[in-house]
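First subunit A sits with subunit B, and in the next complex the same chain sits with subunit C.
Moving on to the complex of A and B:
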């Protein structure tokens, strides 16, 4: 106990120091208030280094070579999917064929409902006149996802085999997973030419980390009995890997595949920022010109696509091989493939004969974008709604966002560093505190301090709001079995949506204002908060709550004294994820018009300022990892204390 | 290699679990006890074990759970690298084999049935059973034929295309047995192979097993914690405690002359009369005059109960397989075995 309080004391002293530094700001030597703006120097060094890498080392030739290979594959996919004039110069596969094949896949993986979802999604895309954009997006996914899967699988196997590789990969993956996506994009553009190739490279890099982790986890989990049985059967190492380990780790590997696909979709949509055509680009354009109706339609397409891809790949995870009775004829054994073949031939022929099934022309499309626009304008202009949104906008802006933002900007740099160090110390002791101190000092040294503070401000504010709104919601839902199930279903579905989508409702309600940014982040980060709070509360053992009931605790007492404390480690995981999501989202929100790191990063995309892009990107990474470390340390400590 | 060389020979085998076992063993006092080792943060899975298994012999290893049975057998197949000592298979130190030679040895000679089956979840019964054959590179038709043969043998005909998760525990166990038999191993390790079976089938499998053993003359190391099973099957029984073998001997000797108090306690509940054979009680004739019908040396005392009680002779002659006289048995001694020594 004494060690604990001494522990807390150090943290508190650091916080006091922060307050003192802030109070004495006018008296401080300027260097304690703000470090000089050093980022041009770093950018310059980085640029020189990149230049050396690119030209002197000749990396550009390597990447250009890889790009041409990748570009070729994407062109083939593009030709087949939407008839881009590239080799093999075939006609595009009719939309009806794609939709029917998706339905067949859905049926064999998960029955009629999935068939309906998969077939329906592609039919919707075609009928809404979005076929070409959808296929532009898909042509990158169908190439990037398999590459991401394979590379991730290989790296996963490697990191499982060699602990040295694992120890190198782990921090790299941690950085990759917090790296703002703009930082993926610019190098991709510079090293791989603009367009689909750069998009697919960024997508692959972005999608790989979870695949590596899942593969390694799955391989580690293979039961020793199975391994020993393999060895006693006289397997060579290669046979062990291919016939014992990989098949036995099937579930985790397929979960990895699911994540690769979902991240690919999320990233492909975002590559609109580097000129990748497709659904993302259209959505971006429509939102830019405030055509909300069309935006909503495209948003729905993206969501449908996400849900379909997610459900299909998840169905693949749970799909177990079934045996056939003896003497089952071959056409029943291979029914799925035969049906798919038949469907392909039939619909392709149909498409050639009836143009509607080949391509839905503009005049035939069912898009009602402008009508939706009208309706939405009418609704939003309706006085009560105007009053509410107006009030919220005013309230948050004037009473929440502006004052807190100004306060944060007022704090001297070293005051804030002291505060962060103290916070980390309170959370997890010396190690997180040291990390926090070093990382935030690094942010200061990198020289984007004010912008970093703005990023931090949006992130933390939105996450706190998500907690304030999300936790009660989750507590309410966890009361009943039914509400729990529904809420988890909603969260799981919402989690599959590409992050870009979350901007849409925010823009619809609040237009282009700072409140919109917060709202977009808020919606996005609420998902993990609600999800993990429910999970934590439901995971409290029944004996504990029953014991509380028997001691005559009221509901409130039970919640505060028993359920929440026990659920805290799990909730902390959700909180951590929420923060990571916010860091991600706040950068994307640059598009709405922020003044933070993201805005500056978005500007770099137009040029070749790799150095600047990286100093900005790493400012975000350093902040994100600090919180990640501190919260995880805290959750771990709590878990130990509770004996979980 | 001559006939006398034991097929499996463990010489002072140690298997320690812990941070740096080799180093630890080098500094370990030779008489360190299990507790002693444990106090220093190591677990003696196998504690200085020396045991030989001859050709065609069946050694049954018994002991409480955690006594190191599985670990010892894993050392014999080099699934564990031993920490100290050596394991010789047909006179060759398997610890010294390179990877190819080891793989080859396992492919040609060894089969193993695992306590928790170790079936490959993504393969059908047929594919699981054919797995070792596939590893050897046998062609598809041959391995299929052979696999079907052993599947039939373990009574799973008709289930070839099932997946392990579609089978009961007992059926899975039988798949494991079939798989280990597929390559016709000379050396067969069985780690509690019948533990998942219900009693009726277990009995059936034991009979089948004995038949196979008589037919195939395999060298077998068999783990069980069921004494009845051990008695039915064993040529010799090794009783383990804390990684060490307390006693390794013929079943009769184990029950008649337990080497340690632990073994005595372990065998306390056994009905000795069912285990002890007349031949074991027979003493040399040494000119004593024998009278009347001899009993066979292979009969258990239990099967002679009626005769022992009604017979009036003090010494009963015992005859060998072909009827020759091998010795005499003291009737009182036999009655003591049958009824307990009355102490």
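Moving on to the complex of A and C:
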């Protein structure tokens, strides 16, 4: 306990130092206030290095070879799904066949409700006149998501087997997860060829970190009893892995799979900038001609696809193998495949005979884009709404965001570094503090300090708001099974509904101001806060809450003194995810209009300034990883104290 | 040894090619590999790309489209991953284009007749509140009309995304204007801002360009700044204020170019020849955008319909290259 309070003291001293440095700002030597602007030097070195990597080392040939393999697979999928003129050069499968097959798969995996969801989703896509775009998107996803799952699983197993691999992989993953999208864009285009291949590589890179982490976590948690049982029954190492460890870690692997699918679909719009065909590209084109209604329809499609794929894949993994009595005829044993075959033949033939079942033409589609447009515009123009949002805009911008922003910009560089170091020390002791000090000093040395501060301001504000709004929601939802389920649905939707769509209404209501930026980040950031808080609260052992009830605690006392403290390590993981998400979204918010690192990154796209782009990207990475380390250290400490 | 052999072979091939081209002006046949055409996220470019793609298909070529970012695309053309670009706007993409040109791998394939203009713009209802428009001095006197909650006493001008390199801020400073300059992050953000101002006819001044779809939805005018002089962005003495850069409006007649991958000429000589002949005008581009934005056609069918209605425009381009 003494060492703990000494920690606290050092941290507090550092915070005091920060305050003193800020107060004495006018007296400080200028170097302590702001370091010189060194970024042109770093950019130059990076450019040279990139050039060497790409041309002299010839890395580009290796990546291009990998890309062509991936490209072949995607082309096959593209031929089958929408008839792209590539091998095997078949005609596209009719929409009715795909929808019917999805329904059959849904039925056998999870009963009629899943059948309805899967069949209904694809029918919706066709009837809305979005079939071709959906299939263009799917042709990349059906290759990228399984690749992401497999690579993630293998790396996860590897990092569980070898602690050296884990220690190398951990920082690499942290960098991959926090490297801003605008930094991926150019290297993906150069090394993997603009088009579906670059898009799928970007998708895989973005979607696998949770898969790797969850696999490793799951495998580590496998109880020794299970392992013993496996060894006693004489399993080989391969059998141990496939029959004992992986099934025992199924829950975590499933969460990983869910995240791979959700993140793949979340990337559909962004990857359209580097060649992802289909829904995302259409959505961007619609937005640029101000068609709100039709972009909402596309957003609904993306959410439906995400939910369907998620539920189907989960059901597939959960489904137990069926066992039949000896002597069961083969057509009963293979009933599902037979039905699927029959459905395939029937609908493909139907599609060939009745064009409607092959392709729904634009005039037949049920799209009501322009009607939705009118409704949305009427709602946005409605005076009470305008009055409320006008007030919120004024209040938050003028009284909250702008003053805190200016305050943060006023703090001298070394004052802020002291504050961050102190914060890290309070959270987790010396190690995070050293990392915080080194990383934030590096941000200062990179030379984008003011912009970095604006980025930091937006992320931290949005995360705090997410906690203030999200935690009560989660606490309320965790009370009942039904509310929990609904809330999870809302989370899935918020995570996959393309954020681009609500950017437009948000701008119409709040203008191009910091409030809109915070709002856009907030919607995305609340998801992990809500999800992990629910998870944490529901994971509190029943004995504990019962003990609290027996000792006569009120609901409030039970929540504050028993449930929340026990759930805190899990909530901290959610908080950490929230911060990482907001570091991701704050860069995307450059599409609204910001003045931070994201805006400068956008500027580097004109003229392909790779070096400058990376100095900006790494400023984001360094800040994000500092928080990642500090919060994880804190969660770990709590977990130990609670004996979990 | 092998290298020497290949050089000899190449030299012979070149000699044969020269002889052939001297004797008959016809071009070699195009490769059957697909010509990859990049499409971006605004309608006129999408329709134009589809129209050109369909022209190539009518010549027997294979065509594929790929969606890309409109700045990063020049790097892809340079590397030969996509093979041409049909809309190189002087203002927005000139820098990316020029830098890719310096690195090598792509070249200028000629201008369209269409001219582009990108500048400060206001929807017509703004003029009612500030009748002196379109003169920039009148705009400056009405600056208070453009105030927002965050802009203090000054008016707010909404500039284009930073990667379009528009220098609105520099201009406001050079001309001593009473305006705060805020950058929108995307074209969509600009439209949302105009759309929000529409109902109350709130005066706004934003960045806009022509040709695009907005002209049809919200009639408006460009602000008239001191006329562009060559070098206004590099030489302080140009323009009305002797010691400032950016004290002029943007060029009122910016170019709209086509760009081609260097290898296109050899791989698809006929298609390349057509590319150099392709030439659209402002009304044609506006028409293409309208088919999609107002008439709600899909870009593919809009392109087909446009080609059907305008055979006299594009047939000569193909004929000039098939002789």
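Definition applied: the second predicted complex is superposed on the first by the 494 of 644 C-alpha atoms of A that agree within 3 Å, B and C clash if a C-alpha of one lies under 4 Å from a C-alpha of the other, contacts with A are read in each partner's own complex, and residues count from 1 in each chain.
Convention: contacts are C-beta pairs under 8 Å (C-beta built on N, C-alpha and C of every residue); 3 or more make two chains touch, one makes a residue touch a chain.
Being a predicted model, the structure only gives us computed values, none of them experimental.
Q: Looking at the overlay, does A:485 come into contact with subunit B only (first), subunit C only (second), both, or neither?
A: A:485 sits against neither subunit B nor subunit C.
Q: Please indicate which partner A:321 is in contact with in the superposed arrangement: first for subunit B, second for subunit C, both, or neither.
A: Only subunit B is touched by A:321; subunit C is not.
Q: Please determine whether it is subunit B or subunit C that touches the greater number of subunit A residues.
A: When the residues of subunit A touched by each partner are counted, C comes out ahead.
Q: Where does A:228 make contact in the superposed view: on subunit B (first), on subunit C (second), on both, or on neither?
A: It touches subunit B, and subunit C stays clear.
Q: Of the two partner chains, subunit B (first) and subunit C (second), which one does A:239 touch, if any: first, second, both, or neither?
A: A:239: touches subunit B, not subunit C.
Q: With both complexes overlaid on chain A, does A:250 touch subunit B (first), subunit C (second), both or neither?
A: Only subunit B is touched by A:250; subunit C is not.
Q: Would you tell me the residues on subunit A in contact with subunit B in one complex that are also in contact with subunit C in the other?
A: On subunit A, the subunit B and subunit C contacts do not overlap at all.
Q: Can you list the residues on subunit A that touch subunit C in the complex?
A: 84-85, 185-186, 189-190, 193-196, 272-277, 280-281, 284-285, 287-290, 362, 370, 377, 380-381, 390, 393-394, 397-398, 402, 500, 503-505, 507-509, 511-513, 589-595, 599-600, 602-608
Q: So in the complex, the part of subunit B that touches subunit A is made up of which residues?
A: So the residues of subunit B in touch with subunit A come to 74, 77, 79, 99, 103-104, 106-107, 110-112, 114-124, 131-132, 134-136, 158, 160-163, 165-166, 176, 179-180, 189.
Q: Using the touch rule from the top, collect the residues of subunit A that touch subunit B in their complex.
A: That would be residues 223, 225-237, 239, 243-244, 247-248, 250, 320-326 of subunit A.
Q: Along subunit C, where are the residues that touch subunit A in the complex?
A: 34, 36, 38-39, 41-43, 46, 62, 64-69, 71-76, 79, 81-82, 93, 95-96, 99-100, 148-150, 158, 161-165, 182-189, 191-193, 195-196, 199, 213, 217, 292-293, 296-299, 301
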